[in-house]
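Have a look at the structure below before the remarks.
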């Protein structure tokens, strides 16, 4: 029995790894997730095969209740509420670790007769699990807007407070490790660690929450691995460590993609100055990476490219055409919407796109394509500004009021490539950039498009 | 002591993995190799810390003798003889595994009192190790041209012979596994497996040897892992399995790069039909992958691009310019050598390269650049043929004799991009393509250059 | 046949009388749209002849042939001659280039004749009015044609060509004054394979020059004027500019000049001395001919060869590509007409920024207006 | 001053007398190289004038001015007139276009005059002789100029332009007969932004057409002749071709024809009917004018407008870009001269494949040669 | 045993590092969610502890909650990830359908 | 113990797979050579067996040869790999030196 269980565990973690590999690529992600889930089923079955397992009723009860709660929660949550859902699931995972550690302590107070690593691992799991549980709950609250998104801090006392809580938790743990069997100490460990989790996450701004959730996710993974060590359970060790390692790399990438660094975010949690995400001028602007733009384009049915003076300045025409060709090869429909006054001379865009050998058939006049935007998945604006400015339609006080513009804002998603939030020829701000469905990819148009090309090829 | 050793083992294999990661990229390869070597040092030291180790003198003798043989062998071998050297080193590794297994058997005939997996692993190691040793020796002989490179086979008897040898080795091993303690049986295992190794490798053509060596390398890795299992030595398990897994992927990639498949190569070893590598018309032609071309270009100091009619037909000008820009960004000097009659009309190349915005300064006339070739690391010929044909210089009977040509053949390396070995406008064969320093990248020029661009970006 | 047909507002399209003017104020495509809007279009027979547009193309589009001068609105290209103004009934409306800054006589005569005149030169350069901006649309044509002219006059290739009979170096083209015409000239010359360089007094043009793949010639003189136009240079600035340009010009095979300052004589950018220093066989195309020319040796309206350098100063390049020049012009006219007409009837809102700027005479002068 | 200076072989460069011929057989750059090789170059005063090459450019290059006709070798561009042949001393050598296939009189007169004539038209089209191939080098010029001519004559833009005054569609250009001139025409038109299509009877040209970014018009008629040239079509083939072309042509704004069959009248590819079906304002440029023209309505040497379609049939387009055309021609002449001269002395090896083909008359006729 | 577990831990860490190279932003959230589901493996801890014969009611309750939490983590995690990946389920039509003319 | 070793084996295999993604051809031989050197780890087997107190002369000899072989594999392998990688040691000059004008 023990051998079968061990073999199944190996099978389970092999499935986890294989599934995780799949999850990193858009083509294989769906299957990867299913494979990992299969691995989990194998792991659970293997565990139930453990000889001499008792309390079957309670175990079954737990599994059923958990399933009954989990399925509808996952099914009914709105797509926009996904991040907080993940935070919640992560939290309960951490909670499970902490609770398991507590039970272990209760069953064998003082860890009598266990080698040293058992209490160490168990207490590590308890602390991290509790931090993760409570921290995740706070993150959930912020994302769900139950708690205010802005940083909540106690000012200069934040750092000493947090340190105190953490040191307290560790101190209690050390006492237990040294042999104490007082249950209150363990409860103290859990409570202090939980408070620390709360105290660290509260001062971090809502914009940073996704990174925090990812970090807590990696933590939970580590705590699971520690719990696995304590129980000498291979599946838990591998799965937990897998999540701990991949989760930390993922967190790093997420932070980078948001132009943040993990240390500065955590510093925020300790009352550091770099608390809030940088505020971009004039309204919330969503900036994305070239990789995302590539995915959005690759999985779109119809893309309209809107070139402007910025494409000309960057001389990005060749790169743009490379990109379009890759998309067409993938079966994505691509058209260019040429505004009559895009650029700085009549026919400016034509000259450049002809140089890059864009087939004339793909160039559409404004009147011809303006109704298409509403049926378009992605409008990709490359260095155009005034010719996409909705103020021309709806702001009579604007100097460009009355000029016909491209209906870029009617596309399902808008991606704008430019270097900054600066205005164009007419010198007026563009409300398109702060539209919630607009994402900005900042940088010189040529480099940006080149990056997109690279990412498209890698898909 | 045992704990320190185990920790050192973990450190050692961590270094192996880290080093191996480095070895897969051109920038990090040198350091990766050094890191792996450091890991090996750690592993050896850890082993010497094993409590109760005896026979110190002999151990020291072995280490010293091995080092004294290994260093000069590795230092003095000519660069062109590297592959056979690797074969040799791989062989002795396999031999070491086989010998170790033999000693283990002698020390505990019949594997009395050991759990089942010990004999199984040991005998597996013995068989694979012996195959690897003898197979590698044959590969060495073929590469070193001690043995003839052509397939040496016994015709239709090859398959039954090979199968017989392998079955015999396994049968003897099974008898041992069932408890026999007759040493002759183990010797029989080693001999039969060794003969099988010889019999399988001999019928494979010299051109396939690199793939065979790589495959034997992966085998040796697996045998090392098996030996590690038998000895319950973590470092050996991890290092061996690492090599087994990465080696098999590597073998697959090598075979693909040579347009071969592993099964067909092995089939050759068993007297199958697809024995020899395909013979390309008219002399040995070396074909390479886009990734190699990219590396050669990226690490060159000076590259001359020679465009011809094929670039025009493929309309590859934009891709070529993309490539040139990437190279210039890396600090590689790039020039275009424009032959007066390249293409099919006067100025054909100019029209295309101007369209792709190649700066006029990079375009060099034949007279201006012909002396440069001798100082050039790579001449990259893109769909040009007649204008590079040395017959114009040295074959009075050739219809193009007397036409001035580009001195492409004087460059240190020549890479030719075209779709096939077909002739150009003048309808004559080009001896440049069979020059040993020429490598061909077959395929439509545009796709080929695009692939090179992709690879350059990934470097 | 006169245009009193029904109650519909009539639009008259005369045949242009200015010598060399091959354009026509409306083209069949635009006529069709105007007719669809309920206008009655009267085209003078042969109006499109010089543009190779046959009369029946107009009639097929819904116009009829007849006397255009008695229409409610007359649309023209070139400024009207005295004889033409005489044909206009009092109270009628005229749309076209009316040379308000360069030929005040026209304005005077129109006022005298009691005609409401809308000058297309005066359309303000604001985003909304771009569709009426005939200066831009015609400058665009001129820039393109200037390069064709230069390439035709040049004794050399524009593109670089490596051939069995030797390598031909690419021509180097300098554009002085990079407004709409200059940019199009740079872009077109680049297309033909020339190396291109641009120069202007307005510094923001540097980026625009680069945006058509050309180099920017930096002489360190800047003169930004109003409304996106340049101002005239001071005496010292001019001397400085002339001297530096002088040095630069001689290295080019082709120089195309388009420098204009509204209402002022064209700046003299290319002195005779610079021409003498150019290589034999080089070409200068001077688009500022009508304002006196940017080159000292230009003879507006003629092509001369001085010191083996060909100097062309065409007065009306857009007219040399009559069909498309007319088409673009006709669209500008259409856009302006749509502003002047309300529900198919003449009802200009003179408080509109565009019409206020464009209207140079009124048959019923409103308050405070010329 | 005559050319008997020292013992050096003299090369004479006369001023071309054919009307409209602006080229000159040698240019200063090539003169310099010939002088460096020890030749004595005599240039007729004013020889380069039409190409805007001043006399002193030649003298600076080492030539001297004088009577070119008494030189050992006379190099010319256009076939010599009877009067010119009369000026050649017996036993002298003449290099140039000598019209061996199209004007047999020239050959006859040269033979009579005892002059050794090398016809540049007859250079075989083998790889080695490409540097002497003046047909190619001049066809290349012609193809480029043909597009400039077409663009100038066209009433429409070549490139597509989206502007505030509406969008202009790109011109569509069809090239009939895609040899050297046709390919260059396709490439140049593409550069200017036109949509390009090519057609030829030789099927291998399809790939070449695509290699300059143009489309291939497949009519299913193939006629490969000798030496890389086309053969004349049979009666049925011609009828078939004409009918299909007829249908295709009317869709194009510009048609450039270059179809030639050596020594035969040019094939009639564009019948009058096809012209009538073209849009008003379209242009046909017929480069086969000297062989009678590819278009039925062509009047060789003139530009006419028929049915609102402009038909230009220039006879000598290379001469309209004299400097570079001369330069390329001069290099061809230089290459041929180098074959004719051995150590600076006239010593043609008539067994050489190139010279055998090129030499059309010999002052001392060798065995079995004309 | 502990040292073998430690070796396993280290190796698993390497696998975790090696598997995640550069993930496009769009996959960040699904990947986070997927890994999140994987650490729901902690549910095994609850099962093992409870199954090892806990009979104290408090402990039983705590362990029960731990199992419930772990199960929610697992079930919810995988389901939510799958929903997030919805975008990648609709695959673009077989390429080159109405490719460039 | 065996099952832990098996888990380690599987994990090491995954690491091996994950580490080698797409290797450029030029690195194929060095990489093969580098991995070849790594499996020289078998030398540990010889050391352990010999060190465990083998006293039979034949066995001693065999083990000695095994150690020698293993050592050659290790030492020669790493050195040869290093030499093969010579090309990558000369790094291209800091880019953009004489970049495009």
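Going by the order they are written in, the chains are A, B, C, D, E and F; count residues from 1 in each one.
The rule is simple: a residue touches a chain if its C-beta (ideal position, glycine included) is under 8 Å from a C-beta of that chain, and two chains touch if they have at least 3 such contacts.
Because the structure is a prediction, the values reported are computed rather than measured.
Among the remaining chains, those touching chain D and also chain F are A, B.
Using the mean of the Cα atoms as each chain's centre, the chain most removed from chain C is F.
Of all residue numbers used at the contact between chain E and chain F, over half are used by both chains, marking a mostly same-residue interface. Using the average of C-alpha coordinates as each chain's centre, D ends up farthest from chain E. Distance from the chain E centre to the chain F centre is 34 Å, each centre being the mean of its Cα atoms. Remark: chain A and chain F have CA centroids separated by 38 Å (rounded to whole angstrom). Centre-to-centre separation between chain A and chain D, using Cα means, comes to 68 Å.
Each chain gets one centre point, the mean of its Cα atoms, and the points for chain C and chain F are 77 Å apart. The set of chain D residues touching two or more other chains comprises 130-131, 136-137, 140, 159, 161, 163-166, 168, 191, 193, 213.
In chain B, the positions touching at least two other chains are 13, 17, 21, 234, 238, 315, 340-341, 346-347, 351, 354-355, 357.
In chain E, the residues that touch at least two other chains are 1, 4-8, 11-12, 14-15, 18-19, 21.
Contacts between chains, counted with the stated touch criterion, involve the pairs A-B, A-C, A-D, A-E, A-F, B-C, B-D, B-E, B-F, C-D, E-F.
Contact residues of chain E toward chain F in the complex are 1, 4-5, 7-8, 11-12, 14-15, 18-19, 21. Chain contact summary for the complex, chain D toward chain A: residues 159-168, 170, 193, 195, 213. The touching residues of chain B, when paired with chain D in their complex, are 309, 312-313, 315, 340-341, 343-348, 351-352, 354-355, 386, 392, 399-403, 426. On chain B, the positions that touch chain E within their shared complex are 3, 6-7, 9-10, 13-14, 17, 21, 234, 238. Those residues of chain C that touch chain A in the shared complex are 126-128, 130-131, 136-137, 140, 143, 180, 183-184, 187-188, 191, 207-208, 210-213.
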